[in-house]
Structure formats: C-alpha cells, structure tokens
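Shared chain: chain A. Partners: chain B in the first complex, chain C in the second.
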Partner chain A sequence: MLRSLKGLLCRPLKDRGFALHTAAKDRVSSLLTQDVQTAPERPRAVFYTNENDPANHAEQHEGRLYSIPLDELKTVFPHGLPYRFQQQIKTFNEACVMVRKPALELFTYLRNTNFAHPAVRYVIYGERGTGKTMTLCHLVHYCARQGWLVLHVPDAHLWVKNCRELLQSSYNKERLDQPLQASSWLKNFKTSNERFLKEIKTQKQYMWGRRDRTEAGRPLAEVVEQGLARVRNASDAVGVVLKELKQQSRLGPFRLLVAVDGVNALWGRTTLKKEDKSPVAPEELTLVHNLRKMLMNDWSGGAAVTTLSQTGALFKPSSAYLPQELLGKEGFDALDPFVPIPVPNYSPREFESCYQYYLQRKWLQHEKAHTEAGKEELRFLSGSNPRQLDRLAGPL
Partner chain B sequence: MDGPRALASPSLCGQGTVAAGMAVAVGRVLQLGSRWGAAAPGVQTLRLICTTTARQRKNVGASGPEKYTEAFIKNQIEEFNLGKRHLANMMGEDPETFTQEDIDKAIAYLFPSGLFDKKARPMMKHPTEIFPEQRKIQWGEDGRPFHFLFYTGKQSYYSLMHETYEKLLNAQKYQDQLIAQDLPPQKKKRNLAGSRWLTKIELEEMLLEKLSDNDYSRFILLLEKLMTLPCGDTEEKYVQKFSKEVPVQLQKVVIEPLKYDERGVAFSTGEGGRKTARATAVVYDNGTGKITVNGIDILHYFPVLQDREQLLFPFQFLDRVGKHDMVCTVSGGGRSAQAGAIRLASAKALRSFVTEKEVEFMRQAGLLTPDPRVKERKKPGQEGARRKFTWKKR
Partner chain C sequence: MALVGGAVLGAAGHWAVLSRSCGKAVAAPLFGAAAYSSVPAVSNRDGQQREASTRRRGRTPQFVRQHLPPRTEKMAVDQDWTSVYPTAAVFKPASVPLPVRMGYPVKRGVPPPKEGNLELMKIPNFLHLTPPAIKKHCAALKDFCTEWPSALDSDEKCEQHFPIEIETVDYVSSGTSIRNPKARVVTLRVKLSNLNLDDHAKKKLIKLVGERYCKDTDILTITTDRCPLRRQNYDYGIHLLTVLYHESWKTEMWEGEKTEEDMEEYIWENSRSQKNALDTLLRIKASENVSDVTKEELLASEVVKDYRNSVIALKNEGETEKNMSLYKESVKKLLNMQVLP
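Right after this comes the complex of A and B.
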C-alpha cells in the first residue's frame, strides 16, 4: 500500500523533469573545500567506502560506512546527532555513518523534486532503534554538502517536555514562550547556516517589544542576534526566521530543507502545565505553532523530511511505530499527504559490515566475538536491530 | 466390645491410630498373659487402654513380640470383606466383582481429602497390607523355643546364612564333579546390569528380624561368592529370591521423527514448562534464525537480554544458531518462566534434528530436564515461605 502511494507521488515529480541544480553545484565549491578524507593511510576493508560525498552515494555503496570529517561535523551537526553516536565519535575519533537504502531512496527523491511545486513531506518511520535519526543526519549532511539551507530541529520532544520556564508570549496573549529552548536552537542554527543568514534579507519590519525593531531589508542574522541577545524574544525570533525562510524559499537562490526529528511531538500531548496547573496543549506553544506552519505544504523550493520517534514520545505505548499510531488523527491529517519511508532492521549485509567495523576498530574485545559462532550469537541476540547491537557490543 | 468396633471398622480409619492403639493394648494384655503363664496363643481378652500410637514407618514385625494376634488379624479380614460388600452396595456396584481399585475410588469419593501426603488420607485396604507381618510366638507352651537357633538371638538370619552356605558347598561339590569328569565348567550368563540384591530393609522385612550392617554385608558377600560358581538350577532359583530386577534405563524416551509440512520443510514440535508457564515450540528447518512468540517477534516479546539468551542456549549448544526458524506459543507464568518454558520446548523439539550422541550431550547439559522448582507455600505464623515475622525482644 505504501509502495503504491510512493509511486503515485514520485511519478508526477519525475515526469516534470529532472532538476539538476547548477546553482547548487556552484555552492559546492564555495563550501568547505576539503572533500578528500585526510585520514592516515591504512588498508580499508570492504565495508568502508572512500566516497565521502553523500551526493555520490549509490547502490553499490549500500551497507558500507563512510566517514564525515570532524570539523565538518561541528558546522553541519552542532546538534542533531544521537548521544550514543556522539560518544562513539569521541571514542573512535571518527564519525562513520552507514549508507542504507532508505537514505539512498530519499536522495533520489530529492534529486528529482521539482522545486516549483509545493514542498513534499517525507516521514521516516520504523521500529525503535532501527536508524531513523541516523538516516535523517545522513540526509542533512547530503543537503549541507549540496548547499541547501538546513533547518534542523534535533528533537521536537524537547520542546514539549521538561521545560522550566514558560513565559506568556508578548505577541499573542494565548500562547506560551520557551526562551531557553528557543535560544539554544537559534545558537545552533546560527552555527550551521551562518553564510545564509548574511545573505537573506527580511522583507518586513518587525517590532520587538516597544523599543527594538528590525527594519525590512536587514540580514536575517540580525534577527537571530536579537533573539540571542534578548532571550525573552527568542521564540518570536524563531517564528520570524521560519516565516521569512518560508516566503523566500520559493524565489530565493537557496533550497530549504526542514528536518524535524520526532515530529509526532508536535501533535501529541505535552507534560507542561500552566501556572494554574492546567495542561498545555501543543498549539499553545509558540515554537510548536510556528513549526507546524512550517510543515504545511503551502511553500515551495525545498522539502520537509521528518522522523517519527517513539523513544521520547509522551503517552504513547512502546510498541507503536506506525505513522497513524504515533501522529494521531490530528497529526496525520496535518501531514497528509506525505511520503512514508520505512527504515528496517539491518539486512544481513549491513549487519556484517557493522560487525566488521566494530572488529576493525577493536571495539569487540571478547575472544569469542571474533569467531563465526560469536557473530551468529550477536545476530540472534540483537535481532539485527542496530541499537541492540550497539548496546550489546558495548560491554564486549 | 465387638459392637461399637464393627460400626467404626478400624481398617476404614486413617492409618492405624485407633487400631494400633488397640493393638498395643492387645500386646500389653498378651505380655501380662505370658508372664502369668496362663495365656495360650490365640485366645485373648481385649481391654481398650489409652496408649500411644505405634510408629508405623519401622518394621513393626521385627521390633518386638507379637502385637496383633492371629485372631485379631482374622477378625480384621472378615470385617474388611464385609465392609467391602457394604461399600459395593453403597456405590451400586456388584459386590462380587468389586476390586481394590474400585474400593480406592469409592473411598476417595466418599471421604474427599485435601491433605498432601497420600498416606495421611483415608484408605481402606486389606489388613495384610495395613498391619505389617508379625513374627509368631517362637516358643511353645512349655517355654521351649521351636527353632534350634533361637538362642543366637537372630535365628532367621543365621538359618539363612546356614542355608546359603549349604548351597555354596553343593555348588562347589558340583564343580568338583565336573572337573573330575573333565567337562568344561559351565559358565552361565547372568544379566548383571539388570538386577540388584535386596536392600537391608527389604531383607529385614523378609526375615522379620533386625539386622546389622555387618550382617547384611556378610550375607551379600556370600551370595556374590555363590554367584561366581557355576550353579545348578536349584541354586539359581534360590539366588533369584534375593535379587530384584532393575529396568536398564528408565523408560527410554522416544524421540519423534521429523515431520514435513506442505512446503516440504522439515519441522518438529516440543513442549515444555517452567513454574506455571507452558509453552509449545515448532522448529522448522532451513531457516534464518527468525523466532516468533505468540505472533510477536522475540525482540519485542522479550525486551530483556537475559530471556533472549535463554532462548539462544539450545541452538548455540548445537551450533545451529541461524539455521532454524521457530514459532512458539506460551502462556502463564512470568517473563523468566516463559523464557525457560520455551527453552525446554525448543530443546525437546531439536532432539529430532540431531544425533543420539548430541541428545545425550543436551541431557547432560541440562537442556532436557524440566526445572522442578515451584513457589514454596507460605506457612502460618510466618510472613512468607521462609521469612519469619520481625522478632521483638519484648
């Protein structure tokens, strides 16, 4: 059923012509010039690939690992990588990501999108620990290399739970602001997209409170600065940024990628409470409201890729992983139509390469782990689930 | 005296309380009788004296002088038969064809008991089964003992040794004869593995006399010596009285052959249980190691690593980790119990795929043994099975 839906959506896009963006290609050169891996020479096993540009990843690279240079990591992923993966990067001193089929699918879709049409929404879903966030990160890296403007929300669940400060929004009396979350997001956004912020100009005048304002035609960086300086206005700054980007992506020289992890948080329930102990609905939060508007398909010139996540989800059973279950009726209707991308557990080949990677990095120290029997045992016990394998390999 | 006794037929009561009491009373009366020298065996007057219950476990017959007289036993047997007919009438069965099994069923129906110990429940058995064999009075009216070895103290034992030694001498003589006739000595095959000698307790029951360990071992040595010689037929029969058959292996477990389903794939089923959980497993050949429990993948059904390791164990032991698929159903128990139940079921199913030697290895590894541990009962006066209430000094 899902396949046919994808087919229906893909074909019209493909038929309208392939979009080879020469503009995007030019961007590549202006980006960080080091495309070549400057790792020390050592014999790379079969499961590695030297192709470090995700744009060139094709089916022959499926199941292999490619590494991201560490300084690129800081700019492209100031936030957004899973915590365990960050620890692994620190341990191994390199960031190796596996090339998997869902990511390659997404690359083909993105390459063939017609940017004159409304933005297509993709929903990556799958069971717990199968690699949805990593797929999203792979995609973000690809788009960053291609020169897109990446709006990466690492975990939307952080915005609906564990929030200490809730301020009443100055812009709209009914809504609530979250200054801390907004300011941290703005900071990371700035790190990843600095050069864009200088080039994009605001189209309207914005008033911050009674005294400050930003004129039309000023670079967006100023809005971001305003948000960072005045933490009270951070959420509104985020809203402004989102609105501007939405309007300008259609005409502007850049492509916009909206990458949201844990999108089911936007339509679920929150654990936040107002001062009178009444629960807060997600629409009452400024950040959530603005992000929802962003995910509507009324803008063009980019794509929106989202991930469902049960791990941080509130009030949802742990066996739920399908879009219908996690998004709820409201979310499903809001995101409909979307392209669902399922992410399965490791295939035998992918499992093999992950196992070889751990062996090669001397992560598996147990003497039995090197044997064939040990590999079978790991495969059985982890059920070829990436997260389980990672957790199992830890103590070994 | 007989009237009230007939109504409450003593063979119908719980094991021996009243009967033994009366028996001890009988014994007491009898002893008094024999001291006075007037009592003849068989004619007794009985007086019900409150006595302690006799110990039933030990061989009562060997421990002392007669406690149940012959007449008493005969009386009991008559009463038992009468009671049997009454019971058959009550149950609406034919009194002529009322067997002991029918009696047991009827008693269990009429007197239901929830006691755990089967021996504590009401039973109605033939008096020879309830009252242990008694040694008869071994001296006559004049006080002179019947047996010539009475004054050794262990007359049956010494007479037995005497007989056995006689047989031994006969066998030796027979062997000498054969040698004299230049015939080869016959070696008869004896199934050594299939039989064992009587135990000390069984021998005591047979002789109705207490033995010491030393005595018993001497007797067995003598029998062994007899065994080594080529024996004739009479000796064979004599020796067989003291040996018992032992089944070679406790019922060899039948391993079912493989079955084939519609696709032509070989499969086999197994069942297992642990605590309160019961599981059935169907193991298919030519698989990829996929396991489904109650329709759910094991990664979701058993999120804990420990349970999955339990499931892995039989396959890993046989080095067949990724080669079989399994579909199981399990119910009851908790997380660990269900894992253990499935483990046993899958091990039993895997027996059909594997050589006998490997089955033996599995058995020795403990994969085929059902775990007998169950939750221990909570006792009154304690908080749990073992935990006592907090001890307060005052």
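Right after this comes the complex of A and C.
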C-alpha cells in the first residue's frame, strides 16, 4: 500500500545529529514499516522530528525524538545527563530526546511567566524511571537556547552523601564546607555559562581569607576563578555566585533558571558525620544552605524547576514518589506554593516511537523483537516504563 | 516387666531378655490387618517361626476381617445430622459423608484422603453446631428466656435507648468446678456520637483512650478484667467511662502548649503554608505597585480560599491524583499564571 508522502525521503546519515528533511506526518508507524518495504531508500522515520529548537516544539511534536548537536551538548550539559543516556549518546553517536507532554506544559508556563512576579517553583515528580531527569534536561536545553542563565545542579543527593572532606566553614563557624563538590560544580557551571559570567558584575566586595578579595564591580568570572583556584573557598564562592545572581536577576538583562535534580535531598537527612561522629543536618552544609535560599521565591526574573528523585534518596522507601512523601513536611512547607508536574510512563504513541527508534538504530537485534508479538511482549514486560524498556532492550 | 530383671542380670543376659520382650511386641503387627482382631494364642517361638516362613513381599495375613461398608453409604441426603453428631466429637471419617482431603500433598499428588487422616482428627470441628443444631438449642433454651421488648424492633432504636453495650461470657465445661476465671471479663462498647462531647472534649478523649477507639466505626471499647468478680469489673468499666467523660470536658493549663505535631489534623490557619501564600501574594502585589492590600482582604479572596482547601485536602487525606490536580489548579490561580490553551 503506497501512501503519498509530502517532502523528500533521504537515507539517514549516521552523522553527528544531522537534521534531515523528513515527512512529519501523524501516522502510526506500523504503516511505516510497510512503507519501508516498498520504498527503496529507508526514510527517516515518522518518530523523528527535525525541529531541533525546543522553542518550536508543540503539540504535534509530541512523542517524537529530536536530536541535540553534539558540540552543543558539551556546553549546555557538562553535567546533568543521566549516565545511561550518556552511554546511549556514545553508542548511537547522536543525542535524541523525546518530546513529551510534561515538557511542553512547562514550556507554555515558562513562556507566559511574568518576570516581575516572584519566581514560580515547579516540582516534577513521578515514579522511578519515568523520565523526570530527561524532562529537566529538555527544559535546560530550551532555556539555554533562549539565552537564559542556567543554574543546573545535576543531583543534589551528591552533596549530602559520600563526601570525604568536610571543612569547617570560615564564614560561619556552625557550617561545614565541601570543597570537592563545590569546585566540580563551579567548573561545570563555568563551561555552561561562560559569556554570562563575563557580563555580570559583583555588587559588593568579598573577602576571601585575610589576603584575597574581590572588589565590587568585577565580573563574576573572577569569583568563580577564585573558587576554582583556592579550593578551600569553593563553597563560599558558590554562595557568592548564588547570592549575586539572585539579586541581579530582577533588574539584569538575563533570565535565571534554577534547575535542581533531586531537590528532596535538601530537606532530607545526610549520611555525613562530623569528627565526633554526630550526624550532620543538611542545613549545616554551606552548599545546601545556599541552595535552599535560592529556592525561596523572594527573587524574580526567572523560574525554578526542580525534580524529585527517589533513586539516590537517603532513608526513603523505594515506593515513595509523591511530593509529600519525598520532601517531608519541612520540604513541602519550604517549597509551598509550587506547581506540581506529574510525569507518567510512556503513552502508547511514545512507546511506539521509542521502540521504532531502537529498531531503526539496530539496537534491538533479537529476531523476535521485530515482530508485533515481540513489541507487545516488550510493552508488557516494561510496563511502558522508559527505564525498564531501556534496560530490557539492552541485552536484546 | 522383664526390664527390671534385665537390670539385675549381666550385660549379655540383659540384651537377651530385652530382645525377647521386644520380639513379643513386634510379632503381633506382623500378622497384618489381623493385628487388632483376636490374636491367635500362639507362643512366641511359634509365631516367630510362622513369621519366618511367611516372610515374603505383600504377605497375605492369616485372618482377614471383612470390613463392613462405612456408615456414610447408608446415609440419606435429608437425614437428621444432629443425631449423627449430637456433641463435640472427633472427626470420624466413616460418619462424615464429605470427600474431604487434608494435609500436605506429595510431589505431583493431592492431599491425603480423610480415611485415617490424623490432621483432620487433630483439628477442632464444628460438625455438632450446624444451623439445625443451633435451632434446636435455641428452641430448648426458649423456655428459659423472656420476650424481646416489642418497642425495640430496629437497631437504631436499640442504639438510641441503650447506647452502651455490655458483653460478658459464661463458660460451661464438664468438670468438677463451675468456676472459670475467664468469666470475669467485661467489655463495654459505646459510640462517641451518643456521648455529649464538643470538639475539644472529643479530641482529648480520643487521645486519652488511645488504642481503644476505632475511627472507622466511632466505637470506644473498654475491656476490664482487673477485679475478681464480674460485677466489680462492670462497675469499674462504668466508672472509667464516667471519669473519661468528665476529664475530657476539663481544660488543663498545659493543654495550651499543644504544638503542631500533636494536632490530629492539619489546620491551615497560622501554618507555614498560609504564611508562604501571603508572602507570595504580597510580593506579587508589590511588584505590581498595588500597595494597600491588607492581609484580611487577601485571606478572604477566592483564590486563597481555594488554595487553603486544596492544601488541607492534600495534608489530611493524603496525595491522590485528584488532590494533586486540585492543588495544581489552585496554585496556578494563586500565582496568577495565565496559560494560553
């Protein structure tokens, strides 16, 4: 059965995310497989979209995959992509992200934000492996393209566990510094926001110890350099950066997006211990303290998008995924009022897309995987859960 | 018998005596099914010889008793069961016409049948308490009972006139003594809606009684058994109820220190959520340069009421899809986010 296709059909090039001309049609891709047999060249499948700018993603792109150019990947996402997705990028040599409804919803909210009002907090929640972190990354890409300043904390859980060095903070005797985590975060922050750091100027003078200081009016890049050079001051440097950005986002020419993954770590418990073996509360850590201040809605000129994450959460049962369960009373009260955004498992169309993508990239090698029965089996076994599908497709 | 003699004899003689006595005991079952029927009066030596000569697989027994068919085959379907099992008795497979199986099955098999089934015999059975049997018991007891008052013909009327239910148990057993220490236990049940309690009194009473109150049925259950006599336990139970009632109406000084953790349900007024919402709204108004809006006005506005209801529902009822979507809508309205469809 031949269909009339608008547009050209080209062979897909396995190049670095090369955007192809394709027929963006709303048909079920089972018709497409017939098409594959009839047309001599393999068309770029319906589940791709060549709309690579997230700003133009709309309802009709839902369920489709768009690719991010790999060089952009290095600047926008120095940290923050899930590990398995990074491996997939290396294997397939392209970064394809699916456009899904929660992300589209967030785009509409962000487009219509009133930047004079206090920043709205959004909390993305959902069961394990449904795509919360990927939604956040999609959003970060969108904001980066739009020219926002992105403050991306890839996983707040990394700041409350497995920390070898805890120094007593020089700024406040009660608090504890984490030089390694702070310096690695500063490094990644620098790569993603180079040009902003040169333009934004500090408004106050900051003393680092007895000798160094940063005058008012110097670019923020100097503060970051100071933090990277003197690792002892890295946590305080992070605090200074956050404070400056918060104050200046209202007037400044830039928009600020605070993207925190695993925000429930900030109000949970830590596994860190002080030297006298007493447990450390999260508010005693400088990084956590400053980030909590950032997530208050007393600043304007941007938005804060956060994700709840159970994987990596400390002392929380594995079935917990709702905001109150993971944030606890303290966290909920701190983030209230926020807009909750649930992320569900794949819809049938999205599942179809993902399955066709794996097939087309020759990731599913099993001979039965190509059949209808194989597809149904995959759907049943994974329960349309993105992570499960990814793990199942691995050995096939 | 011979064991005592065995102790006196030497070691070898001891063993000889023991083996002879054991041999006597063992010889009988070797005759198979005839073991419990009349044992032939053969001497020990004779029996052993016969046993030796008939030692072959599947030894056919000398005396085979003809089994009578079990009684179950002669039972009619509409028989009077109460005469088969008039009292509590062991499970008799030949008297119960049910194809019951019980026990752990062997591999790829079924549970063992009822014939000779020790599991079925061990467990208590209620074959003597079938509905016709209970009917007969009631008919027999009727002579000792008085009439039920005709005015109390529905449950609601019973509850309205007699809100407190007292439960006591009498025990009868065949033995030398009519006393049973379990007979002194008295259970009092009352619905709190029948008591005259205001909001504070009800919360205090529930906190005082703790485990004894059931939220779903609103019933307070007091079980007393600390006194030796039933009448004393009943009096004590009534006394407890009276004391609880009066104490819950009083308000002590230290009750003013009740904190948020002690609250049974979430109250939005003076909570962190209210503070946050007001702060946010004030900031929004300040950014729009509308400065003369008072807190009371904000609190009375529609959006804040909506928000309040959704937060209360979320905290008290837990997080369901419906509650989360209500909360989302209310926050969107509160923060004045106009979203184009």
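Going forward, the second predicted complex is superposed on the first by the 354 of 396 C-alpha atoms of A that agree within 3 Å, B and C clash if a C-alpha of one lies under 4 Å from a C-alpha of the other, contacts with A are read in each partner's own complex, and residues count from 1 in each chain.
Here is the rule we use: contacts are C-beta pairs under 8 Å (C-beta built on N, C-alpha and C of every residue); 3 or more make two chains touch, one makes a residue touch a chain.
This structure is a prediction, so every number in the text was calculated from the model and none was measured.
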| item | value |
| --- | --- |
| Clash or fit (per the criteria above) of chain B with chain C on chain A | clash |
| First, second, both or neither for A:Phe315, with chain B first and chain C second | neither |
| Which superposed partner A:Thr108 touches (first chain B, second chain C, both, neither) | second |
| Of chain B and chain C, the chain that contacts the larger number of chain A residues | C |
| Touched partner set for A:Asp336, first chain B, second chain C, both or neither | second |
| First (chain B), second (chain C), both or neither touched by A:Arg379 | first |
| Chain B versus chain C as contact partner of A:Ala116, first or second or both or neither | second |
| Contacts of A:Gln324 with chain B and chain C, given as first, second, both or neither | second |
| Which superposed partner A:Tyr83 touches (first chain B, second chain C, both, neither) | neither |
| Candidates 97-105, 151-159 or 313-321 of chain B: the single one with C-alpha clashes against chain C | 97-105 |
| Common interface positions of chain A, toward chain B and toward chain C | none |
| Residues of chain C touching chain A in the complex | 271-273, 276-277, 279-280, 283-284, 287-288, 307, 311, 314-315, 318-319, 324, 327-328, 331-332, 334-340 |
| Residue ranges of chain A in contact with chain B within the complex | 127, 319, 373, 376-377, 379-381, 383, 385, 388, 392 |
| Residues of chain A touching chain C in the complex | 108-109, 112-114, 116-118, 120, 297-298, 300, 322-325, 333, 336-340, 342 |
| Complex contact set, residues of chain B against chain A | 289, 297-300, 305, 308-309, 312, 315-316, 319, 321-322 |
